[in-house]
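So that you can tell them apart, the chains are marked A, B, C and D in the order they are listed, and the count of residues begins at 1 in each.
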Amino acid sequence: MSGRIPVSVLGATGTVGQKFVRLLADHPWFEVAAVAASSASAGKRYGDVVRWREPVPIPERIAGLTVQESAPPLPGPIVFGALDAEVAGPIEQAFARAGQYVVTNTRNHRMEADVPLLIPEANLDHLALMDRQRDRGWPGAILANPNCSTAALVLALAPLHQAFGIEKLFVSTMQAVSGAGYPGVASLDIVGNVVPYIGNEEEKIERESRKILGTLGPAGVTPAEFAVSAHTNRVPTIDGHLMTVSVGFRRRVTPDDALAALRAFPANPRVACLPSSPTPPVEVETRMDRPQPRLDLERGRGMAVTVGRVRPCPILDLRLALLGHNTIRGAAGQAVQIAELLVAEGRVDRPA
Amino acid sequence: MSGRIPVSVLGATGTVGQKFVRLLADHPWFEVAAVAASSASAGKRYGDVVRWREPVPIPERIAGLTVQESAPPLPGPIVFGALDAEVAGPIEQAFARAGQYVVTNTRNHRMEADVPLLIPEANLDHLALMDRQRDRGWPGAILANPNCSTAALVLALAPLHQAFGIEKLFVSTMQAVSGAGYPGVASLDIVGNVVPYIGNEEEKIERESRKILGTLGPAGVTPAEFAVSAHTNRVPTIDGHLMTVSVGFRRRVTPDDALAALRAFPANPRVACLPSSPTPPVEVETRMDRPQPRLDLERGRGMAVTVGRVRPCPILDLRLALLGHNTIRGAAGQAVQIAELLVAEGRVDRPA
Amino acid sequence: MSGRIPVSVLGATGTVGQKFVRLLADHPWFEVAAVAASSASAGKRYGDVVRWREPVPIPERIAGLTVQESAPPLPGPIVFGALDAEVAGPIEQAFARAGQYVVTNTRNHRMEADVPLLIPEANLDHLALMDRQRDRGWPGAILANPNCSTAALVLALAPLHQAFGIEKLFVSTMQAVSGAGYPGVASLDIVGNVVPYIGNEEEKIERESRKILGTLGPAGVTPAEFAVSAHTNRVPTIDGHLMTVSVGFRRRVTPDDALAALRAFPANPRVACLPSSPTPPVEVETRMDRPQPRLDLERGRGMAVTVGRVRPCPILDLRLALLGHNTIRGAAGQAVQIAELLVAEGRVDRPA
Amino acid sequence: MSGRIPVSVLGATGTVGQKFVRLLADHPWFEVAAVAASSASAGKRYGDVVRWREPVPIPERIAGLTVQESAPPLPGPIVFGALDAEVAGPIEQAFARAGQYVVTNTRNHRMEADVPLLIPEANLDHLALMDRQRDRGWPGAILANPNCSTAALVLALAPLHQAFGIEKLFVSTMQAVSGAGYPGVASLDIVGNVVPYIGNEEEKIERESRKILGTLGPAGVTPAEFAVSAHTNRVPTIDGHLMTVSVGFRRRVTPDDALAALRAFPANPRVACLPSSPTPPVEVETRMDRPQPRLDLERGRGMAVTVGRVRPCPILDLRLALLGHNTIRGAAGQAVQIAELLVAEGRVDRPA
């Protein structure tokens, strides 16, 4: 195992599970020790049961692993969660109860009071929330990454919120089909088309953004007080959630103020040192027709978000467009970075 | 000429020009008597110089017409304008000076104080503005249809503005490539991609919507006083501009109020009688994932707009999605309907 | 029932079933008297259970019908088949046994020796094959339309086969996603992508084309003797199967020979008189970049095929491109035309 | 210049020129010393005039270069050619006359008797053809890479031709829009559509494939004697030319024979040692629905081609599908590999 920390992946045959496998295949700190999936796949060779959809070959060593049942114990201090929400709840809790840290992309526990919902560049201090799960009698814990569109939105706006205090926020998304998993969106519904509806997505954005940018106090997280009005749409792109935003602050903010704040976004060294952390986390574009999924998605290896078209808003302070990679910053990559944080913060021992 | 009114089409070889030719080919009141284009095409057979892109065969009689120069005189009391904005200004004025009515899709004169910018269902009374062009010494006049995204937006919101008075309006568009003409958007820029920028489109929406919904008084049109914040985006669809909207009114408005107003939108009989007028002009959708370009675009033969997802907005009163056909209601179809209005209102004589 | 012939539709909630409902809604000879589907939908209102995907509103009268079980008796002499192949076999046979004519789009019985596989313009005489089903003791019969890509290919090549005798045939298809039904192809597999494989499609083309163009004799149909090499691919279009073809004949054939034969394709008056028959059934294009799905699909209301780029082949006689509408000529429209033939040929009585 | 060989890029602002810049930015042997373009751009900063469309940031050092005129002298022994064919001919000849090696993607000289048309894995020995250009009195020489679809086709078939001798070849392509440059294909022509025509592409495939696989003798290259029938189509993908092929050989060949030959394709060490050479150059896929542009394009960093679906052909010996990256193996990457060959073969000195 070459001195790396063993980890396991739940739901490893799905699209997010595959992204975990890909991102972890060459990870400097982690090594996939087990892949788990439904009983139908358990006992079989991973490479034989996964319908691999990543545009790089399946990592050979992991392809050779035997798929495990999604139940403790699985190897390693960290278990990545990519299960269907329908089944994830009790399974994730079982792992926490068994003493493992579950870093999960699944939505089930995101809004629970003692579960940190993390974008480390934005709310590193919320990590401490995990200690409250000891009150459940769990030696382990559950940590969640946000919904895919929320992750991009909140990371991009965090510098502005920290600098000026968001008061009102309109966001209209144009989200890629990979956000719906596989098979997900039927091609008949989206080729040459746009669908102005994604189930529960608007609620997630409105709810999760206020928790992530909320304030941690003795009684837990007090959600940020801004109002969010979200419109979510599915467009025929493969990866990348692009959004248009109008945002108002507690004080008057000009585009120049905003650009300065975005460019000065402080890189907390406790986060910047993580292998998955991009530099900078928020890229600023001044070309008028950017960001675009095809051209800007891979910035920071999919972990950076790009903000462009920062300009005045006739109603609130600013208008802007932003882009994030929905399956990296918005899913598996975000979870991996959170797991790295557990190591860097000493929650998980590095191998001797 | 079989008892129909002769009309001419300027810029007949372009995409909007072709749409005019198609819509007028079987028109009950009008007959294309001349097609005009640049000097390069003049003197040649229309069917030989047009790169016909409509999904129906080119009308045989019109294909046989000889292309004319874009200068007066051209046959008929009405001349439809589909020229490039770079050259349209003086040409359109020359036709008005020569006594013809120019109903134009080109942007040049839209914001001039004496030029009506018309969506007949929304601002029929603005037609009278044309009489002010006599002060220019013109026996004819120029009448304009709005920008493509503005047309859909304003028609959909007109019932709400009339009922409740719009105060603030956010709109984020997802616009089809046909809106950019031919060759227009390069495929490398849009296949599997979204571009969060369309040149001057946001300004047009903000400016034109307030003129169309403005009040005609003795001194001309006083623009409506609401604030508009527009975000415009290009998506890989062929036809149809889909938009998400948050809107606030002078008084509190619920979704039920809005649905009632949309459904009750009064069909002015002076407009409803026009051959191109759809019934109803604003279709209301209650299926949660509608409207969609692929499924809803052809309603009212492209002249109706569809409004869906009417729901509360956490910041303003309402959120909704709307869809309009950008080359029919948003361009040639709108101009044809305006020309029909000239006939119905007695500005143009019907043939004996 | 206004003097029209009652018909029933099996599998009416699926995509082909919906296309049947749409095509039959305004049919001059037929009227949908019953829609049938799986037990899960039976007993409910059709409009409530169908996930309607046609770009026109669902016909109101049919929306109000109560969904029936897919078992005899259902009203009318003709039952249209759009069931899943997994269940269609015994059900279709039960209707034939019960004395009804099943005109089916499902593949199950296509290759049976006593089942006519029909493209009326190409093999009208094969209709007589249905009489052999009396040997099964069936007062009714099963009649099949071909696979979607086969239908376009064979109709386009029928004039050439009749004139010159096909010997060898290469075909490489580019097929739309609607050919796979709903949800069918996952958008992640096809947005910005091409898949060079469609399950069993190549076998169907090779087998069915030889039956359709075969010779009816006392012992049944002797398949045409040409060899077919098919390559089938899925592309991101919604409707329309485009194909490139190289074809060799029993004698040397030039492009001019072929164009003459295509243009002279005799319209058998027994077929040309049917309401769904297009005139001509095979359209010839000489513009070098045609046919294209977006521009040529609706010819003959989806019942015509378009042939273009007829040019010499360096190996066989000719190269060409052809296009057909996969859900109209390639599915429901073809079945409706076959049913019309049953009426025109006196197999089904017209209402008094 | 850090010990690397200086090179120049002609036509550096176009799409292929940009690909050259990107591929050369981190090249272990070469360093871009000059970028040249039309007079309109000359004298300006490259980063200011290029409309950069690559999905990675423009290399900073190269962005800072001043654009040169496209005329000798330009720095370095090697000049990469990405000019428009309309102007490239005399310019490329001027550089050869001036003593430089022009490795060009432009089509102008490909078929000239003394110009090597190279895919090093397939016809390394043709390199010697360049010496014949001394007869033109040129101290330098022109070397060409093939047309984009030809490059993928020929590399994939080279192992089969070497092993069995191709006799007949049908190919039907599905080509990405990047093959047409920028702006290239209008989005209105290709979104949700397929165009069964690419100007001159079929002729290029038929002609170039026979030269590349031809035999070098004292009198130059004798083209391979097989017949090629090509059908070329444009599909809505960004990168990657996918093709279906039927191929016949001088002797009977089974799929197993072919798979063995593809897998055993000898890696000539003189080619395998080049930095751009992939291992293996021809990847074999046995998954039934592969290769696909989205999943297989990046193999060998765009320099490998992938062959799949090897199966019997009912007419010739084999059917198969193949995929190559049109702007890497089919353009700039191929040219860079040829330039590497010049160095490895001692035609260009390595820096001391």
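Here is the rule we go by: a residue touches a chain if its C-beta (ideal position, glycine included) is under 8 Å from a C-beta of that chain, and two chains touch if they have at least 3 such contacts.
Note that this is a predicted model, so its numbers are computed, not measured.
In this structure, the chain pairs B-C and B-D differ in their number of contacting C-beta pairs, and the larger number is found at B-D. Centre to centre, using the average C-alpha position, chain A and chain B are separated by 43 Å. With centres taken as mean Cα positions, chain C sits 40 Å from chain B. With each centre defined as the average position of its C-alpha atoms, the distance from chain B to chain D rounds to 47 Å. In chain C, 53, 189, 191-192, 236-238, 294-295 are the positions where the chain touches two or more neighbouring chains simultaneously. Under the stated contact rule, the graph of chain-to-chain touches is complete, every pair of chains being in contact.
By the touch criterion given at the top, residues 168, 170, 172, 174, 189, 192-197, 206, 227-229, 231, 233, 235-238, 242, 244, 246, 288-295, 308-309, 313-316, 319, 321 of chain D touch chain C in their complex. On chain B, the positions that touch chain C within their shared complex are 53-56, 191-192, 238, 294-298. Within the complex, the chain A residues that touch chain C are 15, 53, 177-178, 182-192, 236-238.
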